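Take this structure first; my questions come after.
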Amino acid sequence: MASTFGHLFRITTWGESHGGGVGVVIDGCPPGRRFELDAIQAELDRRRPGQSRITTQRQEPDQVEVLSGVFEGQTLGTPIALLVRNKDARSADYDEIRTKYRPSHADFVYDAKYGIRNWMGGGRASARETIGRVAAGALAQQILKEDCGTEIVAWVKQVGNMASTTNVDTVTRDLVDANIARCPDGETAERMIQLIDQVRKEGDSLGGVVEAVARNVPPGLGEPVFDKLEADLAKALLSLPACKGFEIGSGFGGVTMRGSEHNDPYYPEEGRVRTRTNHSGGIQGGISNGEPILLRAAFKPTATILKEQETVDVDGNATTLKGRGRHDPCVLPRAVPMVEAMMALVLVDHHLRQRALGPST
Amino acid sequence: MASTFGHLFRITTWGESHGGGVGVVIDGCPPGRRFELDAIQAELDRRRPGQSRITTQRQEPDQVEVLSGVFEGQTLGTPIALLVRNKDARSADYDEIRTKYRPSHADFVYDAKYGIRNWMGGGRASARETIGRVAAGALAQQILKEDCGTEIVAWVKQVGNMASTTNVDTVTRDLVDANIARCPDGETAERMIQLIDQVRKEGDSLGGVVEAVARNVPPGLGEPVFDKLEADLAKALLSLPACKGFEIGSGFGGVTMRGSEHNDPYYPEEGRVRTRTNHSGGIQGGISNGEPILLRAAFKPTATILKEQETVDVDGNATTLKGRGRHDPCVLPRAVPMVEAMMALVLVDHHLRQRALGPST
Amino acid sequence: MASTFGHLFRITTWGESHGGGVGVVIDGCPPGRRFELDAIQAELDRRRPGQSRITTQRQEPDQVEVLSGVFEGQTLGTPIALLVRNKDARSADYDEIRTKYRPSHADFVYDAKYGIRNWMGGGRASARETIGRVAAGALAQQILKEDCGTEIVAWVKQVGNMASTTNVDTVTRDLVDANIARCPDGETAERMIQLIDQVRKEGDSLGGVVEAVARNVPPGLGEPVFDKLEADLAKALLSLPACKGFEIGSGFGGVTMRGSEHNDPYYPEEGRVRTRTNHSGGIQGGISNGEPILLRAAFKPTATILKEQETVDVDGNATTLKGRGRHDPCVLPRAVPMVEAMMALVLVDHHLRQRALGPST
Amino acid sequence: MASTFGHLFRITTWGESHGGGVGVVIDGCPPGRRFELDAIQAELDRRRPGQSRITTQRQEPDQVEVLSGVFEGQTLGTPIALLVRNKDARSADYDEIRTKYRPSHADFVYDAKYGIRNWMGGGRASARETIGRVAAGALAQQILKEDCGTEIVAWVKQVGNMASTTNVDTVTRDLVDANIARCPDGETAERMIQLIDQVRKEGDSLGGVVEAVARNVPPGLGEPVFDKLEADLAKALLSLPACKGFEIGSGFGGVTMRGSEHNDPYYPEEGRVRTRTNHSGGIQGGISNGEPILLRAAFKPTATILKEQETVDVDGNATTLKGRGRHDPCVLPRAVPMVEAMMALVLVDHHLRQRALGPST
């Protein structure tokens, strides 16, 4: 299951940062849906490096090619294979990393796990692998929108120690994309951009927090035990490169509350059961309750920095390594479409499960 | 997959809080291992209600019966079925919850998902469901110990706003179990116990944080993409009742560091590659690096409280509900063996995967 | 996946012939269905040994206990755990087989695979393991009947070299159960019974063929590639003890036909697309076409015989072995409910998949 | 799971006969293995149309491109993506099949299942889909050879009513490929070729039987219940286009034997446990016993013929259809590498499972 995600709407990604390309096979997409290649490409453009001055300047157009599963603009119900060729492979940059393990990269653990690695780049640990997820996630978002009216919006909540506040009921993707920090709080966004610029010049990097909401999720999605909706979301988010933490609803902050504060009282509203607060983050007992699903994901500072670092070589000798060339000082703005994609993949899978296993109507 | 967890070492739990019992089928346990029923029962005793004055006083002996898969004290390699009968079912207590949704319980979402629910209790959302996980986790811990020397220890790090500090390199299960708070910082433990006692009398409840370490995990466990070790751990932990957050290594705290601080420098030590710091929490790029795996899980305050709360009934009318009888003011001490079990289930599964798919020797 | 079958309607069986019992966990049964315990017990009674003079005289009541997943006579949508205790365990019979491998039994391969086996019986290879399948299959048949009007009927077509002919459009379960051979061709049934009686007295055993039909299967079930409906049926049937062959539609007989004879011409009938012949056996390209699904399964003669046979002991020395006590001279009549159950499990799983992934309506 | 096969060595195929191409993602290939592109291409050449005068004259070079998972001639342990572009797409041929269902093709059932189909060709039902399987199977055969010395050889046993006999202990791939019928019995092969030639001129088609052996399969592969080795082989074979039947060992022929004839007596030979006969076909109780695995698969005559046939159009009206252009009068010779590939995929998966779950050494 290593490279496959999902139970009914299943995606299998493949490809390394260096090699023929990267791609995804989407198996289990319902038939007869419009296939909006432009919408998929747009999400890839939001994900790709080089899209603004605060991300890595590595230039990759990431043009997607559809190889199967689509006919006359509609999904066939059969596997949709998408391919993005690799372009900007400058292996000359990579000579040193053939023999020295980059700290907090996956070089060492790949050798430990496989006894071999493609030392020309990050292999499967490269953020390029997320291309397939983002493409598949765009399709998943479209299906959720069509079937349930679900809207998913993620944004940069925090960069370094610079935090912002956002109204989760009203935030839109347009608001998020209004600035290159993808932080809908415009003033904080400006300061984030300055901070990223400064850290970039220092050859250093920053972490941060992405927050996300899914609105109009029907009640009843998720399973009561292992495949709890929040458990699947946690796995989805933690499977993104550099993600180190996950919270749903009140999260870590909720542990200081009493049960009498934390419980979300129910009340009736226009024939629906609503909750007055949403400490549950839209999920109770693993199952969506119809309130907005609200989560946060912590991303550590990018491992690639342009400073000298202590490390060992492949023979186990102490040495030092200094990154050169281009680096991504802050992955947070590019993580936004990744988070949205992963949320959509989880939700669409549970939406299809509920079609199969929900009560008869 | 709803009630199944794991890919090679697979467990399937079944059972509701009210009904014939709860249990687990463990499929994929290697053959020829000693089957230590006492060790399994001991973990169930650490999990069960009524074990100390600060947990719920609901009394359930939780005696486990082995139905299959074991012969002359050894595992057969075939499914191990374990059964625990339900005992303390007092359905008279449950009349009101037949018609009123308990806030932040799963009653409402079960009706939304299934159109039916066993109103005599929490159904699959009951903590009783974790009996099967804890039993299977005890077996998983034994296998990890035998094969890799892996030790897993979890403890209560925080209750409400009362936090403690623990040496993750030296903490042992004996230290943890030395007090009923399961907090190895004895002084803080005393204060936690007082706090829980007080909140119990108020009919209210507390949340907290469990921290856990896995030592002697061999490098190379975990997959580079979706089944990253931290992703599977996150899913495992978030699948526990009341868990709202997960952190690995530096977690949310790491987002304020620079890359130059956060990266873990490698150095050689006695033929091994070690890291000077462990902000990665023992996992890089989804794969264990041989350092201790360190994680934290946030648990919200228990939903069952003995105070009047606003809610709606099954017909959608506004009403109020006041819990009666016994409640669990703080689930944290009982969550400790659950966290250990879930970690072990993830690790043993990846250990077996690596046996299958690792490099030939 | 060893002990689990199905993707959405998933069953996990457990248990050996000797030990606490055998059982099944059914995960993925839709909620709110009547749970007909009597219908399940009736199928177990059709499967159990000792039901007639031509099966083994081993007496096991096979009384099923429902442990979870059912409330007030309805399915909850959560796992349904069923348990049947072992009764007639006479380990005294089994002393010799502790040290000698019974020819064409699984004793030797269990030792080869696991390095250990429960020598008190057939372990998982015992026909007792099918109890869980038959119970789950009864539930699956009920759901197919309710949702699609699907009827599944299997019967004994051949015993030894004694073959019969049956009208697959009109055969009913009542006709099949009208005699203890479960062959709806009454005259042939009489001769089969005599043959089985004779072979039983000789301490020998017989093989045969079970034929089966599923009528009113909606078009569209099955997948175009690996999970072709006939592929899943083949796996289901070959997973039954003693099954050595499978045919769908024309099967092996169809290989001597020309394409112009074998192709099933389409014609319109009352708004439906029908075929004039059914060499396809109701499945084309892996997907049901609405015609009756027709298959046959070959069962070898039972391995347990009461004659002296050449074999080796567990130390690899040549020896002989002579079975004693009771044996089942012909498993065919008891295989009938097993075949029906396996067909139902495959069909209900694809029925639920189609609910999830079929075109929107 | 529709387009995925295998549990540890997992392949996912994608692509239609018309569209960008077809391919496969192989996930779970052990790392550090030589990647023999020539061997893979050689198997594709054995599978492709136009390779001899008795197969379809459709010309497709089927040149495979490696997109990922391979580095410096070795497998990385990460997904191996293979792509074969579509070439010979002559959609002008296909105008009529847009509106008329071809008898015994999948056109009608695709419309029934998906509500949409790519009418330019057979979609996923096209034999082109098997390209990915054959490529992956070549890699699987190499691993089995390296790890266990396993050899898999398949051949055409029967075409129409013309049957041959082959020594399963000595047959080699060279012997099989010595003639274009792929029947190692040279005399019968000649007559098969004449028959196919004649039927081709008549615009008709032939079915037949492929037989196959796997030698040097270690004892202990396969699972005792649902994932019996013969059950997985049956599914694998029945998932090939046009396959209608499967036999292992004695198969349907074994049903007329008595148990005393059918049981395979054990005897010791050079420290190994062997059987005097092999009616079991190398598998007992679902698990390999070390003897050659012997199976047969029945293939119906190809559905595409150049004769007028009765059918209905997409609006449900009666009509007729006459195939034009090129057709494949007998798929049997090309099915040989497909059968070998599917056997290898099943065996390598169970080989890896046994590495994970076998007894500790």
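Brief remarks on what is shown
For clarity, chains are labelled A, B, C and D in written order, and residue numbers in each chain start from 1.
Operating definition for what follows: a contact is a pair of C-beta atoms (placed from the backbone, for glycine too) under 8 Å apart; a residue touches a chain by one contact, two chains touch by 3 or more.
Computed from a predicted structure; not experimentally measured.
Chain pairs C-D and A-D differ in how many C-beta pairs they share in contact, with the greater number at C-D. Ranking all chains by how far their C-alpha centres lie from the centre of chain C, first place goes to A.
With each centre defined as the average position of its C-alpha atoms, the distance from chain A to chain D rounds to 39 Å.
The distance from the centre of chain B to the centre of chain D, with each centre set as the mean of the Cα atoms, comes to 45 Å.
Our note on geometry: chain C versus chain D, Cα centroid distance of 26 Å, whole angstroms.
Counting only residues that touch two or more partner chains, chain B has 1-4, 13, 28, 31-32, 77-78, 113-116, 123-124, 224, 358-359. Chain A meets chain B in the complex at residues 1-5, 7, 13, 101, 103-106, 108-110, 112-116, 123-125, 129, 158, 160-161, 199, 204-209, 219-228, 230-239, 241, 243-252, 254-268, 271, 273, 275-276, 279-281, 284-290, 298-305, 307, 309-312, 316-318, 354, 358-359.
Residues 8, 28, 30-32, 77-78, 147, 224, 352-353, 355-360 of chain D touch chain B in their complex. Residues 1-4, 10, 12-16, 19-23, 25, 27-28, 31-32, 65-71, 74-81, 83, 113-118, 120, 123-124 of chain C are the ones that touch chain B when the two sit in their complex.
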